[in-house]
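For reference, the structures are reproduced in the following blocks.
What follows is chain A paired twice: with chain B in the first complex and chain C in the second.
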Partner chain A sequence: MQLFLQQAINGVMLGGMFSLMSIGLTMMFGIMKTANFAYGALYMIGGYAAFWASSLLGTPYWLSLLIAFVVGFGMGIAVEVIGFRRFRGNEDATLVFGLGVALVARGGSVLAWGSQTRYIPTSFAAYHLGPFILPSARIWAALASVVIVLAVYLIVVRTKWGRVIRAVADNSERAQLVGFDTSFQYALVAGLATGLSAVACVFLIPVFSLSPTVDDSALYTAMTIVILGGLGSIVGCGAGGFIIGVVTAFSFGYLNSTIAPMVPLLLLLIVLAVRPEGLFGRRERAV
Partner chain B sequence: MSSMIQTAPKNWVNTACLLNRLGAIALIVSLVAAPLIASNQYYLNVLVLMALNATLATGLAIVVRAGRLSLAQATFSGIGGYTSGLLVMKLGMDYWPALLLAGMFAAVVGVLLGLTSLRLRGFYFAIATFTFSQLVIIILRAWTPVTGGMSGMFGLPVPPDILGISFLNARNYYYLALFAAALSVSASYACSAGTRFGRGLTVLGEDEVLARALGVPATRYRLYAFAISSFIGGVAGSLSAHFIQGISPSDIQPIASVFVVVMVMAGGANMLLGPIVGAVVMTAVPELLRASAQWSMVFYGLFLLAYVFFFQNGLLPLLQKAVYRIFNITVIRPEYSIAAIDRPAAYPTRRTAPVAGNIAHLQFGKMQCNYGNLAVLQEIDWKIENGCINGLIGPNGAGKTTFFNVVTGVAPLSGGRMLWKGEAIVPTPESMARRGVARTFQHARILENHTVFEAISLGAELPGSKPEPARLEWLISKLKLQSIRDVRSGGLTHYQKRLVSIGMAMASDCEVLLLDEPLAGLDDTETDELTQIILDLHQAAHNTVLLIEHKLSVIMRICSHLTVLDQGRIIAQGAPKAVASNEDVIRAYLGDE
Partner chain C sequence: MTENNWTRRDFLATATIGGVAMTAGMGGFSFEARAESATSFLSKGKISFGTILPLSGGFTVVSQPWIHAIKYAIDEINTAGGVKIDGKSYQVDNPVGDEQYSAQGGLTAFKKLAADNTHFTAGYVSVEAPAAVQGVNEQEDHLMILGITGKNLCLTKNKLRFYEYALAQATGPYMAHYAYNVLKVRKIGSIELANTWGEDFYFSFKKTFEALGGQMVSRGFLQPNQTDFSAQITEMASKGVDALYIIMGDGPASAVALQARQGGLADIPILAQGAWGPEMYLEDQGRKTMDGAVYPGVVAYSQWSDKHQKLNDKLFKDTKLYLNNWFWHGYDPTKIVLWAMEEANSLDPRKVIEAIPDTVKKRKSDLMVQPAGTIKTASKGIYLKIPMTIGRFNANADFAKGPALIAVKDKMYNGFPGWVPEKWEGYTADPSDTKVNWYPTLDELKAMNG
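After this line comes the complex of A and B, so read on.
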């Protein structure tokens, strides 16, 4: 019973972290209909920005976060303006462009910064609540996830700017005709999405550490969650993260650790086979 | 009558053709001669790797051309390597049958993956294959007693000698790998221009909706393609594992599959030898530069970016263009044509006898079509008159195109019955095409990468008719397409594309022809000309035509029966004159007083 509860707690925290990891990808999917395969790489570089800021300049934690956000914002705008904008509507080219950026970034970051694992020194300790262990880094990450996902949801659904970007997402040509600068809005969304992913990476460094290889796991986890939740659905991102988190925690808790990683993958394959639009996505109509 | 239009371009085409062949021969000769020049063991190893990569990439191109980007080709190669390794090491099997079984097992796994995921498109399919590749790695790592876990298997034996040729010698191994690559290219040819299956697959990759309307069984063909591609992957993987004499999960990381994709894209997926060129360049360059794994990764990434920005057709077409420029050859443009055909006088005979007596080709009883809760068509009772032009009109949104979509199995037949020659059926696009129902689309769908003649020929072949030259030429002359017979369809005008799409539909022995607003967007001259063409074709073929059209004057002139749809229901039916004076019809078009 104690194992069950501990894994449930772990699962919920992990779910929060997973949602945090995928919010940027969700935004790009939902609003820009862009499958961003460079997501993991940009996420990883965002983490490095904070790491170097804190280790070379000795910036405090909140400033490192801010620097990561700014760097991420810039990178997001750059990939949108240089690449994704030109390939919008061409799924294969979008995919290939993303892969290209990811390969360059991954190879380049190993060359530039080495492949060793890095941490940002923090004062996070573990809380003990009765028999349960609650590592504070995880709690902070989960809380940050709730705050950020909720904020994104409110921005998109409740604010005036949210209405604009939803209009652009719905029919960018129309939105342009009505007088919105769609290129600008797209760039803004790409910047915000990538900035948030960089922030997510910084929050998750104490948990998953930082090395050039985090790009794969981030891209991969984020894709899983985004597909499970339904491409581009912000509610789906929260729920998908939660589900994958709980499933992962329990499979690691109860199964052989070599087999456990299979469970979330199988879950994803089943979802793809049975309900490819995801749990919260809308089904597309043929032709 | 014989119409000769410029003979010069014909020679130009021949020169281009000759250059293409010379290029292919040069590539083959240099591949065969390479190990004679590169004597050093290291270079020989690189060459073997290159030939196996070429095999792998050529195999992947088969699936890519069918419109699915797979991120699991290296995984299939791994499956092949592990299979033959286990068969030889654990069961003591001879290598050669084990190699065959390795390919077959990879193909079986490919079919299983294909069954669950091939219906996914674009990005979804890529992710499904990516997930699959991760799963395979986890299984291989976890199943330590059999697969050796993380460290994999080592000490795999080199294939035994054949006819005294020892494969311990890397040079001989290279020729073995080259032989595999040659087989892979043959398979790739059979899966593209070489067979009807291949041509169907190519059309499927270009335009799925059109392909299915022409009778290509999309799901089955893609599954075959995936199985063939996985088989090739398995064989290449087995050869590679037994060359290196080991295999481990790290050989088949997702990044390895991405590299194979890069090779296919870089060389040019749409050309037979494209993936070979891609594999040669992408294997040789990092090795020659002695690049570390990281630098190769950066190189591959930069190459992908260059590809997507500058040469989206691949290196080979780029090279082709450069060579053409050197030899001053212009690729054929509309003004140059090589048509020189005697026009056949009559419409060649038909495959099927007309339906006897009173049975209609198509009949509907209380037919209904719903999208969710929305009823788009309801209570459609209609027996379509055989052998004449039936008009179908109605205000926008009345459900006319949806009616065509139901008939051709694109939209759901949610209720009621649809009878084909008196028999109740559930239509699918490919089955209706094979029964002899051809259609055009409101926005002309054509095959951009094929010439007019090729496209019309495919229109005959894919639904199962024989593409008889006399018949095709007759059609082309009737459609007045002779002067652009060998021009790529992609560069045609709106009107010409219309003509080609009608030609593709009429090229088969269709008994029922569905024309969806063929006259939309045409000017008066074009309208008159196309109306006459439709009449002529109909009179020659005696088929049943269903015509959706907004140009009422044309409808009144050429239709012998007229049906009016409004809000998903038939509101009037009968002789055009009577229908035109029907009050319901007038109300539907002009609104209430």
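After this line comes the complex of A and C, so read on.
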């Protein structure tokens, strides 16, 4: 029973980390209607920005986080202005552009930082709650996830700017007609989403470490969670992350690792069969 | 002659004439082939010695030293005048194919090189790629130089395979012996790459460890692209393991070690197989995580000489990486095969592989991995007898000036045989034969040696 409960705790923490990994992609899907296949690569570069700041400049952890956010924000605006804006409405071009950016970013990362695993210094400290072990790095990442996902939700739902970007997301032409600068709003959202993905990467380096391969795992994980939760649903991102996290922990805890990775995907298929729009997604209505 | 008039005599006469004509034709053809033999294995006038390794993704860190080691060996031979066959010198070309760490990637790269008349390839870091190529290589008259262990990979039938590394069956028992007798470990948790490579290390270790009185209390598996190991670590911690055996290298291995240190296994020894090198210890966190890990490497990994220094400087200049086990997969084996071409006085892979035992015997002192010879099998190619050394990683070493792996003091673990003795039935049996003792204990290995 103790092992079962520990795996459940692992799953909840992992779920938090997965939600954190996915929140940027959720924003791009939900507000910009953009399938950003460069997401994993931009997430990775954000992590490397923090690594570089930490190892070359000796910046403290919080400052590395801030630097990662700024770099991510800049990259998000750059890919929006250079690519996604020009290809908006053309899904094939958007997809190819995203994949192209990902390839260049991955190759460039190997050249810039090498292919070896990198770290940002952290402690091995673990909190002990009775018989249960709570690694501090995971706790912090999970807490950061709750704070960031909640903050994004509140910004989008409760603030004036949130109403603006929801209006743009709902119907960009109509929003433009009433005077909103949609290009500016898209750029802001792309910057914020990518900046948050970079922050997520920095929070997860102490757990997963950093190498040019993290882009793939981040993209696939984020895609799975975003599709499960419902494209663009912030609540779905939070819930989807926790569900996938718990299912992953139990799968790897009790099944052979050749079968275990399939279980979260099987769950995704079952959910999509029952609810094609995902757990919290909105069904597209015919006009 | 109508069909009705077609007699047995007519048939026999015609068949005889036809047969003679065909035999004469084939004889002419084979004469033609023999006449071409000196050049028919060349590609654009050069010997093509290919490398098949991943060029992108997580295993680049493994493949870069390996790719460069092969290149350096070829450069040295070329600078010395090339490979001399029939009194003529040939330069060696080194095309590189992208293995992509997959069966499809490896096979595609192989076919492309084979189409360009490459008859020798080295590398293959995954299990999947060489498994896909094996068999096809024999059809293509192509010698594979392979170093990844696993009975379903390197103990299958293949007459054109030169196996250049240590078998899991040989290193596992020594690691188990060291863990039990020196580290005084009694309960081990292991996590292995889920394939024949991982399985062989697990069972090779387990048989000896359990024979000594130890217990393998937790066995986990991992996939190359897996990032989270909390479930497996939790299980090990709950069973009170007093050592962690990681049967995997680099990215996933460092993540396992990092998460183990964070997840309740902060102080226990780590035993390691696979790609472990200085690149894992470059930063403080890597040092904290993996310093002191126990690892079996080739003897050259824990030694240092002027030659080591030169190669290390060169490798660092080209890749920003330092000498590691993967470098030694590529450097000497490439030279052995190129020298074997001269020994055979032929570029025919079937003759070259036959010349490898004599080549190793004659050039032993020129080889940094210090092979003890070769094992020639009837249907499974040739295995290099490569000595191994158990060492512990010194994460605080100056990797630019010395080895990261420090050999342990006990002589028993220094230069131990990384091969199973010739009389082992594994060299002739089918890997699926369950009657064969595929994982002999250390005592059984010693008994085989007499």
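The criterion applied here is as follows: the second predicted complex is superposed on the first by the 278 of 287 C-alpha atoms of A that agree within 3 Å, B and C clash if a C-alpha of one lies under 4 Å from a C-alpha of the other, contacts with A are read in each partner's own complex, and residues count from 1 in each chain.
In this section, a residue touches a chain if its C-beta (ideal position, glycine included) is under 8 Å from a C-beta of that chain, and two chains touch if they have at least 3 such contacts.
None of these values were measured; they are calculated from a predicted model.
Trainee: So if we stack both complexes on chain A, do chain B and chain C clash, or do they fit?
Mentor: clash
Trainee: Please indicate which partner A:261 is in contact with in the superposed arrangement: first for chain B, second for chain C, both, or neither.
Mentor: Both partners, chain B and chain C.
Trainee: Report for A:159: first if it touches chain B alone, second if chain C alone, otherwise both or neither.
Mentor: neither
Trainee: Contact-wise, after the overlay, does A:269 reach chain B, chain C, both or neither (first, second, both, neither)?
Mentor: first
Trainee: Now for A:110: first (chain B), second (chain C), both, or neither, which partner does it touch?
Mentor: Touch status of A:110: both partners.
Trainee: Touching A:171 in the superposition: chain B (first), chain C (second), both, neither?
Mentor: neither
Trainee: Touch test for A:223: chain B only (first), chain C only (second), both, or neither?
Mentor: Once the two structures are laid over each other on A, A:223 reaches chain B alone.
Trainee: Going by the clash criterion at the top, which of the stretches 188-196, 242-250 or 278-286 from chain B hits chain C after superposition?
Mentor: The superposed arrangement places chain B into chain C at 242-250.
Trainee: Going by the contact definition given at the top, which residues of chain A touch chain B in one complex and chain C in the other?
Mentor: 106-107, 110, 216, 256, 258, 261
Trainee: Enumerate the contact residues on chain C facing chain A in the complex.
Mentor: 56-58, 60-61, 64, 194, 220-223, 225-232, 234-235, 237-238, 250-251, 254-255, 258-259, 261-264, 266, 279-280, 282-286, 288-289, 319-321
Trainee: Which residues of chain A touch chain C in the complex?
Mentor: Against chain C, the touching part of chain A is residues 2-3, 6-7, 10, 13-14, 55, 106-107, 110, 114-122, 124, 126, 133, 135-138, 206-209, 211-214, 216-217, 248-253, 256-258, 261.
Trainee: Under the touch definition given earlier, write down the residues of chain B that touch chain A in their complex.
Mentor: 69, 116-117, 120-124, 126-128, 130-132, 134-135, 138-139, 141-142, 144, 209, 254-255, 258, 261, 265, 293-305, 307-308, 312, 371, 405, 410-411
Trainee: Quick check on the complex: what are the chain A residues that touch chain B?
Mentor: 35, 83, 87, 91-93, 95-97, 99-108, 110-111, 216, 220, 223-224, 227, 256, 258-259, 261-262, 265-266, 268-269, 272-273, 276, 285-287
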